[in-house]
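So that you can tell them apart, the chains are marked A, B, C and D in the order they are listed, and the count of residues begins at 1 in each.
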Amino acid sequence: MGLDVGWAVRWLTLSAQAMAEHRVELIELDRPIGDSDHGENMDRGFKAVMDKLAETPPETPAAALKLTAMTLMSKVGGAAGPLYGTAFLRAATALGEASDVDAATLAAALQAARDGIVARGKAESGDKTMVDAWTPAIEAAAAAAGDGDGDVRKVLLAAAEAAEAGAVSTDPMLARKGRASYLGERSIGHRDPGAVSSALILRAAAGAAE
Amino acid sequence: MKKLINDPKAVVDESVEGFGLAHADLVTVFPDPKYIVRKVAPVAGKVGLVSGGGSGHEPLHGGYVGLGMLDAAVPGAVFTSPTPDQILPATLAVSSGAGVVHIVKNYTGDVLNFETAAELAQAEGVEIRTVLVNDDVAVQDSLYTAGRRGVGGTVLVEKIAGAAAERGDNLDAVAAIGDRVNQNVRSMGVALSACTVPHAGVPSFELEENEIEIGIGIHGEPGRHRIPMENADGITDRLLDPVVSDLGLASGDQVLLFVNGMGGTPQSELYIVYRRAAQKLAEQGVTVARSLVGNFITSLEMQGCSITVLRLDDEMTTLWDAPVHTPALRWGV
Amino acid sequence: MKKLINDPKAVVDESVEGFGLAHADLVTVFPDPKYIVRKVAPVAGKVGLVSGGGSGHEPLHGGYVGLGMLDAAVPGAVFTSPTPDQILPATLAVSSGAGVVHIVKNYTGDVLNFETAAELAQAEGVEIRTVLVNDDVAVQDSLYTAGRRGVGGTVLVEKIAGAAAERGDNLDAVAAIGDRVNQNVRSMGVALSACTVPHAGVPSFELEENEIEIGIGIHGEPGRHRIPMENADGITDRLLDPVVSDLGLASGDQVLLFVNGMGGTPQSELYIVYRRAAQKLAEQGVTVARSLVGNFITSLEMQGCSITVLRLDDEMTTLWDAPVHTPALRWGV
Amino acid sequence: MGLDVGWAVRWLTLSAQAMAEHRVELIELDRPIGDSDHGENMDRGFKAVMDKLAETPPETPAAALKLTAMTLMSKVGGAAGPLYGTAFLRAATALGEASDVDAATLAAALQAARDGIVARGKAESGDKTMVDAWTPAIEAAAAAAGDGDGDVRKVLLAAAEAAEAGAVSTDPMLARKGRASYLGERSIGHRDPGAVSSALILRAAAGAAE
C-alpha cells in the first residue's frame, strides 16, 4: 500500500498545524542565533499553502508538493523560503505522475528534497542547518525502504525519528551557514531552528500515513 | 512591547501604504505582491536598479526609490528577505530593455530569493546583473560563514550605482561601479539596546544596563562580542579601527564618512561619534571629503550606530554628488 | 542610562562640534558663546532669521541653518533655553541692516532670554521682530498657564519664514508670514517612553509597559494625561482630532500634514500613523497637499510622535516649495 | 554693623556650595513637574559666578551682585537664568555705591530683587513659582528691618526662614506659570524647584552674615 494524494494533503495540513503550534518555539530558537522570524515565516507560509490547497485541490501527490513549493517560495521569504521551496519542488519532480507512491519512490523523493536544499544552500553536514536534520533522515529512510517489506509508514517514521535526532545534534555545533554563522563560537549550545522545523515537517509526513 | 502599530501582522502593509500616501509624487506602491516603483518607470533606455530586503531598516530601501537612485524596492516581512514573486514583477516593472541590476545585501535569504527572481527574469528576457554588498567587517573568518553581511555600504552602493544608471551607463558599467563601491567600503556597528520584532514581541537579545554589543548586524541579531559600556570616543575607536585597517586606508586617501543611527539613537549622539571619527581620520592623514550622518539603515528602534567608510575616487565622488530625488535622500534637484 | 556620549557636561559642545565638522560646507560653528551661523552671513540686504532653544531636539534648530531657512541657530544646554550672550552675537552675525527675526518657541525660558537679547540687539541698532510659536493644543486653559508650547509647528514657521526672507521680503513681511503660519498650525504629541536628560541620568518620567502619555511636550515633561496603551489608529485619532477641531478645519481646506518622530520611533511606525491621519483627513474632505514624515523636532531618544497640521494658502505653499539647503532639510537646490 | 563686600562674596560662595550640594535634589524636583534641568542650570551658573569673582574681585556689594547678575544671565539659561539675573541686577541697583549695607537698604534690595522677578516673569503669589518664596521673604525682611535694632542678620534670617516656608507652601499649589503649568492638576503635590533654590540662596545670605 502506497501513499496517495490524500496522504499528501494530510501531510501538508499536519505540517501547517505543527508550524502554528510551534510558531513561538521556532521564533524563540531563532532569537539567540538568528533574527526571530523563523516561526513567523513558516507559519505564514504553511497557512498560505492551506489556502492554495483549498483553492485548487491537487490531483496527485506531486501536484500537492509542487503547489506547496511554489507557495512557500513566494510566501516564506528569508533563507527558509527558497530552501523548502526547492526541497518540495525536487520531491515533486521525483514523484512524477504517480498517484500512489511506493517506499522506494518515497525514499528517492526525500533524497531529492535534501539534495535540493544542499544545491541551493551549499551547506554541508555539521554546518548547523536544516541539512543536519535532512541528511540522517534520508539515510534512515533509504535503509527502511531497503528492508524489503515496502512499508511506507516505516520509511516515514524512520525519517522523522532521524530528523529529530539530527535537530538535537545541532546543539553543540558551531554554525557555518546562515545567520547563526555570524556568531561564531557563540552559536554553540543553541539548536538550529531550521533543523527543528524540518523534523516537524517529517514527523507530520509520518503522522499523515497513520 | 510598545509600538505605534495596529497589528503585528499588518505592520509592513500599513507602513508601506502610508509611505505611498506620503510620497505619491515620487513612488507607486503595489500592495500584493508588495513592491515600490519609481513614479515614472521604466525610464526609457535606462538600466533599472532594484534592491530589497527585510523590512525594519527604513528608510532602506523604499526611501531610496526615485531619480538617481533605485527604480524599485522590494520590502519583505520584518527582517525577512522578500520573495521571488515580489522581486520578479518589480524587476519587470523597471526593465526598459537595457537590463536590470539587483543590489543584494549578502544574507542567505536575500541571496537565494534574488537568485531565483533573477533566473525567472532572465527566462522572461531581462538581463540581470547582481551586485552583492558585503561590507560588514564584524563578521570574521568569512570563508567559514555565510560571508560578510551587507550593512551601511548598501546605501552608498545604491546612491552611486543609481547615479551611474541615471547618467546612462550600460548594464555592465552600472554593475561594475556598484562592485567598485562595495570593494571600497567597510562598516561596523554597535548596539546599546536590542530591538523588538513586532511578531516576536520580545527583544531580540538582552543587554544589561552596563553592556553593549559590538559588531551588531542590522537584524537585531547579536554581534561579535559583548563588552562593558564605554564612552563615545572609546566605542567610536572600536568601530573605526577595524574599518580603517580592513580597508587599508593610507594617508592621502579621500573618504566618505557615514555615521548611521540604528533607529533609536538621538542625532546629537551620532554627531559626537562623527566628531571622534573625523578627528581620528584627520590624524591619519585621511581627508573626509563627503559625509553622511543620520538614520539611513536601521534596526527598528535599536539604540546604537554604525560607522561606514568609503574610499572615494573622482568618479565615485562625482556620482555621489549627482542629483538624487527620493523620499529619504535628496539633493541637486 | 546608556548613551553615545563622553561626559554629560560635554554633550552639547561635542555634538555641535561634530555637527560643524560634518556640515562645514553649510555652517560655521562658534564654540563659546555657542551659536551656529550660515556659511555666508550676513546675506546682503536680507532679513536675518535666528532661532534657538534647548538642545536635545535635533535636527532643530542647527539642522535648519542654511539657504532658505535660518541664518543662525542658538543651542542651549539640553532642554534649557540659550542665554542672551549667545543669542546676541548670533543676531549681530546675521544682521545685514535689514533687521532680524527671532523665532521663539513659547516657553518662559526661551521667551525671557530672547527678550533680553532682543533688547540688547536693538540697543546696538538692529531692528528685531519676534515670532512666537505656540502650536501645541495639548496645553489647555492657556490663559491660566505659561500658554501653549511651541512644538512641531516651529519647523514649518522656520521653513516658510525662511523662504520669505530668502526671496527678499522685508522685516515686517517676514515676521507677518511667520505669524500667519503660527496662526494656522496646530500640533499634539504622544510618548510611548520617556527620555533621559544626560545630566539627570534617569528618565524624565516613568511609564508602565502598558501606559502612554498623551499631550507630551518636547522636553521630556509629562503630558496631558496618561492612558493605557492603544493601537496606532486609536492614538492617531487622539492626536489628530483636537488638532483638526482647534484649527477649525473644513472640507475643501488644503493642509500640510507633518508626522514627527520624537527620536526613538522607527520610521515605519511614523508611516502607520501618517496613513491613518491622511485617511481621516481625506474622509473629512481635507486635501493633504504637502507632507513631511520623520524626526524633525525630537526629545532625545523618546519613543512617540507628534502630528502637526498646517492650513495652507497659496503663498505658504509656494514658500514651502521654495528651495532650501540645510543639513536636515533640502530640496530645489 | 552692616554688610560689606566680604559678606557679598561669602553669600555667593555659600550659594554656589548650596547649588552644588543640592544639584541632584533640584533636578529631582524639576523632574515630575518640569524638565529635569534646574539643579544643573543653577550649579553651572554659580560655578561660573565663582570663576568671575576670582577673575575680577568686586569692590562693593553692588559690584558683586551685578557681576552675579550678568553671569547668571549668560550661563544659566532656561527660565531661572533671566529671573535670577534680573533679581540680582535690581538688588545691585538698589544697593548703589554703599560699601556697607544697613538693614533698611538690605530690605529694600531684597524687595527690588523680588519685584524684578515679578516684572520679568509676571507670576503672582500662588502661581507655584519662586515668587512664592520671595514674597514672604521680603515681607519678613521688611518687618525685621522695621523692628528698629538694625540687625542685618535678623533681617536675613527672617527672609531665609520665610522663603523656606514659602517653598514648602508651593506643594499644594496648582502651577500657573512656567513649565509646571502645562500639567494643570497634576502639578499639585510637588514642590516648586525655583522656590527651593530661592530659599537656598536666601539661607546662604544669612549664613554669610554669621
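Here, a contact is a pair of C-beta atoms (placed from the backbone, for glycine too) under 8 Å apart; a residue touches a chain by one contact, two chains touch by 3 or more.
Computed from a prediction, not measured in an experiment: that's the story for all the values here.
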Most distant chain from chain C by Cα centroid: A
Separation of chain B from chain C, taking each centre as the mean of its C-alpha atoms, in whole Å: 29
Whole-Å gap between the CA centroids of chain A and chain C: 55
Centre-of-Cα separation between chain D and chain C, whole angstrom: 32
Residues of chain B touching at least two other chains: none
Chain-level touch network, classified as line, ring, star, complete or other: line
Chain C partner contacts - residues on chain B that touch it in the complex: 2-7, 11-12, 14-19, 21-23, 55-56, 58-59, 63, 192-193, 209-210, 212, 229, 231-233, 235, 259, 263-276, 278-279, 288, 291, 293, 295, 298, 300-301, 303-305, 330-333
Chain C - residues contacting chain D, complex: 33, 54, 76-86, 107-109, 112-113, 115-116, 138-141, 144-146, 149, 197, 199-200, 202, 204-205, 217, 219-222, 224
Touching residues on chain D, where the partner in the complex is chain C: 27, 31-37, 40-41, 44, 73-83, 85, 120-121, 175-179, 181-184, 186
